[in-house]
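What follows is one structure encoded as structure tokens, with my remarks underneath.
To keep things simple, chains are lettered A, B, C, D and E as they appear, and every chain counts its residues starting from 1.
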Amino acid sequence: MLQLTPEEWTAVALSIRVAGWATLLSLPLGIATALLLARGRFWGRGLLNGLVHLPLILPPVVTGYMLLLLFGRRGPIGSLLEETFGIVLAFRWTGAVLASAIMAFPLMVRAIRLAVEAVDPKLEQAAGTLGANRLWTFATITLPLILPGVIAGAILAFAKAMGEFGATITFVSNIPGETQTIPSAIYALIQVPGGEAGALRLTAVSIAVAMAALLASEAVGRLVARRIADR
Amino acid sequence: MLQLTPEEWTAVALSIRVAGWATLLSLPLGIATALLLARGRFWGRGLLNGLVHLPLILPPVVTGYMLLLLFGRRGPIGSLLEETFGIVLAFRWTGAVLASAIMAFPLMVRAIRLAVEAVDPKLEQAAGTLGANRLWTFATITLPLILPGVIAGAILAFAKAMGEFGATITFVSNIPGETQTIPSAIYALIQVPGGEAGALRLTAVSIAVAMAALLASEAVGRLVARRIADR
Amino acid sequence: MSIDVGIRHRFGGFSIDAAFSAGTGLTALFGRSGAGKTTLVNAVAGLLRPEQGRVSVEGEVLLDTERGIAVPPHKRRIGYVFQEGRLFPHLSVRQNLGFGRWFTRRRHRFGSFADTVELLGIGHLLERRPGSLSGGEKQRVAIGRALLASPRLLLMDEPLASLDEARKAEILPYIERLRDGLGLPILYVSHSVPEIARLATTVVILADGRVERSGPPAALMADPDLFPLMGRHEGGALLAARILAHDPVDALTELEVSGGRLWVPEVDAPPGTQLRVRIRARDVILAEAPPVGLSALNCLPATVVEIGPLDQPIVDVKLVSGEDFMLARITRRSLRVLALEPGRQVHAVLKSIAVGRRDIGRDEHLAEGHFERS
Amino acid sequence: MSIDVGIRHRFGGFSIDAAFSAGTGLTALFGRSGAGKTTLVNAVAGLLRPEQGRVSVEGEVLLDTERGIAVPPHKRRIGYVFQEGRLFPHLSVRQNLGFGRWFTRRRHRFGSFADTVELLGIGHLLERRPGSLSGGEKQRVAIGRALLASPRLLLMDEPLASLDEARKAEILPYIERLRDGLGLPILYVSHSVPEIARLATTVVILADGRVERSGPPAALMADPDLFPLMGRHEGGALLAARILAHDPVDALTELEVSGGRLWVPEVDAPPGTQLRVRIRARDVILAEAPPVGLSALNCLPATVVEIGPLDQPIVDVKLVSGEDFMLARITRRSLRVLALEPGRQVHAVLKSIAVGRRDIGRDEHLAEGHFERS
Amino acid sequence: QIRAAEVTVFAAASLKNALDEVAAGWQAATGNTVSISYAGSARLARQIEQGAPADLFISANTAWMDHLDAAGLIDRASRRDLLGNRLVLVAHGRDAPPVELAPGGDLAAWLGDGRLGEGRLAMALVDAVPAGIYGKAALEHLGLWASVADRTAQTDNVRAALALVALGEAPLGIVYATDAVAEDRVTVVATFPADNHPPIVYPVALTVERENPAAVDLLAWLGSAAARAAFEGQGFSILD
């Protein structure tokens, strides 16, 4: 059953690559945003919070369309990026990374934020009295303590990225080998008669990959949690 | 700009209803699942965890199709429900509730689970020594302590349900007044040239509703968190 | 037997294998940091399930690993004042205090909310949340919470550790009342010898997870071997005493002990009341003849029965006065100067005020100790 | 002035408005539970930003709300032993201990890791995580962690509260060494009068957020007004003393105090060393004439200068012996029997062993106290 | 440009089977490579508007091709109607009896046998997706729309409508003939006359911004005999 065609394999590989990069690249920003939202007291906090949640609220097509308008070659940001850095996102796998990352962002931020809110500031204060500045305190105390949340956020993001379809196909289309991820491939397959078997196979592969990632993250998460548990 | 047609208003009202019920109904199950996953030590824990994450990993169409297979009138569960309880989900707004709830479930469970894992079991032990059995301990100690996570999970679920499109339309299709939620309406609008304005209006409404819910939940969350913070 | 505990358990590098029985009254667990006191108490409360063990309270078996019995904590009706507070952060102080009351049958209840709050001096904190309480305030709320659950056994793990002397002095008599008035069995962990001397019916000394000694406090406190553990200046004798009369003019009370009479600062109890009086070895001066013109009011005739090791600069001299043993700590030089030796008749001189309020406890139990000891 | 603190702050129902200055040495904060000790210490550490206040340590201004100065905690180089431990749960004991060392410049470092671990007896815990440590073990690790950060000011909030006597006895001399050897200023919160009497250079007594008294411990300990706060049996005099000679045979040390000579259990310091000796009022017996045939070795001639309120059953008699004030607590009856009155010549009799190891502290500072007092 | 030697085609998703076959033939014959992005016509057209690297666009309806044409994004000279399709009424089950399509009346009456019953008529979105638009037009033409307007179950694509019928969730559905061919759980019970609805055409055109000259060749290949065979094999009609 798992006899995938080369094209399907390409889609699988691409999906993993896209989901992996999307998770990895958005992680620092996700942590920073979670920290800001959990700890920050600034004007526009509510706005930022809303913005982060937008991709969740909007139908994916709309998000994809907005990305297309903004980051497309004709879009204001897209053209800027291309001119100044030579970075093209539209219709490239990098664009798929952007789309998945944005769609997964609210999930990641929420998970990390919950973890941040659970950190006892008294421990951070203690690190301060021992000479650690904010950055060091973050690196040695806060970050390790929120690690379970970071892992949970990362795995949510990865899973979401693996399954993301609407925004991705709208933003970067469905070009085999470049932007055709598993969900797009499944979509193409079920648009025509006789594609179901292929769709099923791809679904199975997708589940397998995501489950492997899930199990790995759970294992790491438990390990980390055990280390932290002050019990 | 916010001059919606009566049909669009119907879609807005329906979306709120669907998202609201989806959130409310899945909450108890979400809490239970989160507890099981966080605290349980049973065979099949990994499986349950995987199952919960499935809707995130799968392209929404696939999830919708599976729902159709299982909960359709001809599906094993669907027919059972209809025969024994007279509950019909297919082509009903109740089906939309089911689809949104399932799509939002992984988000809800993760948030709550993180909160459960942050609860200090020593406090629950203390409640035990004071005579509270497990149920009372849960109601008086655990639940209040995980409330911020529950609220975060609920708002994530609500937002997700407001934006859910793929699984819903596949499962219950698009029946104005019954199953046509905002995302379906938006989708229909952007399929035709020149439909952008309409889509934009609906998008704005959708954002407004979700933001209101978000702000409310944040406010409640802060209140709760302040009460809990043992700082 | 009121409490019967025997457990065996192993953590990474630490293993505990301890058993003790204690009658009614207050059983003090004493031992150095890391000796296993909290572990033992947790097993009694049901929070630790030891590899092997048996716990019974007033005849009811709460744990018996061999017979597979393990009553869950919430059915044990055991109040536990934790070493680290464990107040519920989301509940107000009032709600924390009332928590256990909820689950207590009306007929089991004792102690009123108002009285407990008053005693602990936490009336002004009732609407606060525990998060911002001071260390001592938290501890007091924790005590109140456990008491108000009206348990049938009270576990207290260093309950007074971060309280000031004045507050301690207010709470100690209350614990005595619980012990005697209500007959509530108490398992009490403390590093403070004065507290233990005053409160304990039985002392269990733990060292490295094993019971090193156990018995009535009188015997243990007078055991010079244990002085290093207790801090040398706290050791001494516990005498059973009875109130003879009060002298309202000088505000003194005359006690009868087996070896004679003692004047101590007024004790608030009617003549005839049985008391326990701690006489620290450090406070006892030995004299060849009853001294005159001295502000020390008490002088008990005594006979030297034993003299501690002479290689120490300070020597513990064991005396018998009436039926009671007493200890006096003196320098080697005084020993030589007074030419003390077993059999020698001396006089034990003691200031009245050396017997402070916290050295006098009510006691119905010490008598038992008496018999066991002899 | 080494530490200069003045803060004003208001929480819901509690307001603190306290200021004190302290020279080098150890400043003890003393006061009942909820008096505001931890609040004050937090302000010094920079963890609480008071509404109004000024904090300076050795001339460096750390906080001055008026000038808008607030040095962040991590730049203050202040070691803080918290009342509740606050160990990092995700780090091993070793990592917890080493945490501050990381951030300390090499030239500022003092104390070796190995020695500190040895002193605190936590060598066997190094690879453990704090979660499963016993209460006392946690406290010891917390002390080690603060010390190993090599701070220039040490804050200790009830650091020894849950330690056993033997462990305390090991740690106290170390704190003295920090205070004297390294000249490390220390702000020390404690409810234990013996600890304060032994360690403090300055005592600040807080009540209800206000400084009620502050000054050298000798003056405060001898102040009967403060006895209720300290627990009556702990009050007494602190005498400046100098070692005259050792008697190796009896293992006694002869001290010179202003009123005469005292024999106390051997002190491990060379002749000439300045000490402080605490003489509890409860331990002093007054005699009309130097007694004979008594095991009490010390007898200082003294003059009664003042007699405490006579409406109390127990009376504090203030004596002057040489240049020093002393206190004796006696019963009203003894007062009458001995017919004491101001001006009367008496003899203060004291057992050698009443001066325990924890009553003798090294002291370069008490002399200052002397002058301030007069 | 990413792949200079590669022709990029944006094609309506329903063409996948046939077009994959045609592309394989062209690749074999010319040695060129082709990469085809299948998605809904609306998506693809919007992407071309935003500068997508498409050389050739095959739309499932004329509206989006017209839209691009108006925007000046396609090579007007190259535009032609490539394929046609038929709209059919399908019923659940292997051997549902055929029905005669006659104008007028009530749907139930129209079916004569109450086959719709309480069930719904599965269609693609009637205001948005081409198959739905055509279906609604056909029903209106027959005067039946009013009776089924609130009995439809509309999906976001025609395959989903087919799935509803295949699973028996909806007794009847309106789909393309090409979809019905390969699904053996449904029976085509009627074919809508071509004049009942706007012509179902798949227009094709080169984009203005095409960067690969081979695209012209591929466009020509779409009219070749081999290509015709492939399209017809999937049930499409060849229009030119």
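Just a few scattered comments:
Criterion: contacts are C-beta pairs under 8 Å (C-beta built on N, C-alpha and C of every residue); 3 or more make two chains touch, one makes a residue touch a chain.
No experiment lies behind these values; they were computed from the predicted model shown.
Listed by label, the chains that touch subunit C and also subunit E are B.
Each chain gets a centre from the mean of its Cα atoms; for subunit B and subunit D, those two points are 61 Å apart.
Rounded to whole angstrom, the centroid-to-centroid distance between subunit A and subunit E, based on C-alpha atoms, equals 34 Å.
One finds 57 Å separating the Cα centroids of subunit B and subunit C. Shared interface positions of subunit C, i.e. residues touching 2 or more other chains, are given as 132. Within subunit E, the positions touching two or more other chains are listed as 46.
In subunit B, 61, 122, 165-166, 187, 190, 230-231 are the positions where the chain touches two or more neighbouring chains simultaneously. Of all possible chain pairs, those that touch are A-B, A-D, A-E, B-C, B-E, C-D. Residues of subunit E touching subunit B in their complex: 40, 42, 45-46, 63-64, 66-67, 120, 122, 125, 127-129, 150, 152-156, 160-161, 163-164, 167-169. Partner subunit A is touched in their complex by these residues of subunit E: 2, 8, 10, 13-17, 35-39, 43-44, 46-47, 50-53, 157, 159, 178-179, 181-183. Here subunit A touches subunit E in the complex through residues 65, 68-69, 72-75, 90-92, 169-170, 173-180, 184, 187-195, going by the rule given at the top. For subunit C in complex with subunit D, the residues that touch the partner chain are 11-13, 31-34, 37-38, 83-84, 124, 128, 132, 134-137, 139-140, 157-158, 161-169, 191, 193, 228-234, 247, 250-252, 263, 265-266, 282-283, 285-289, 291, 293-297, 312-314, 328-338, 349, 351-354, 356, 358.
Chain contact summary for the complex, subunit A toward subunit D: residues 122-123, 125-134, 136-137, 140-141, 144-145, 227-231.
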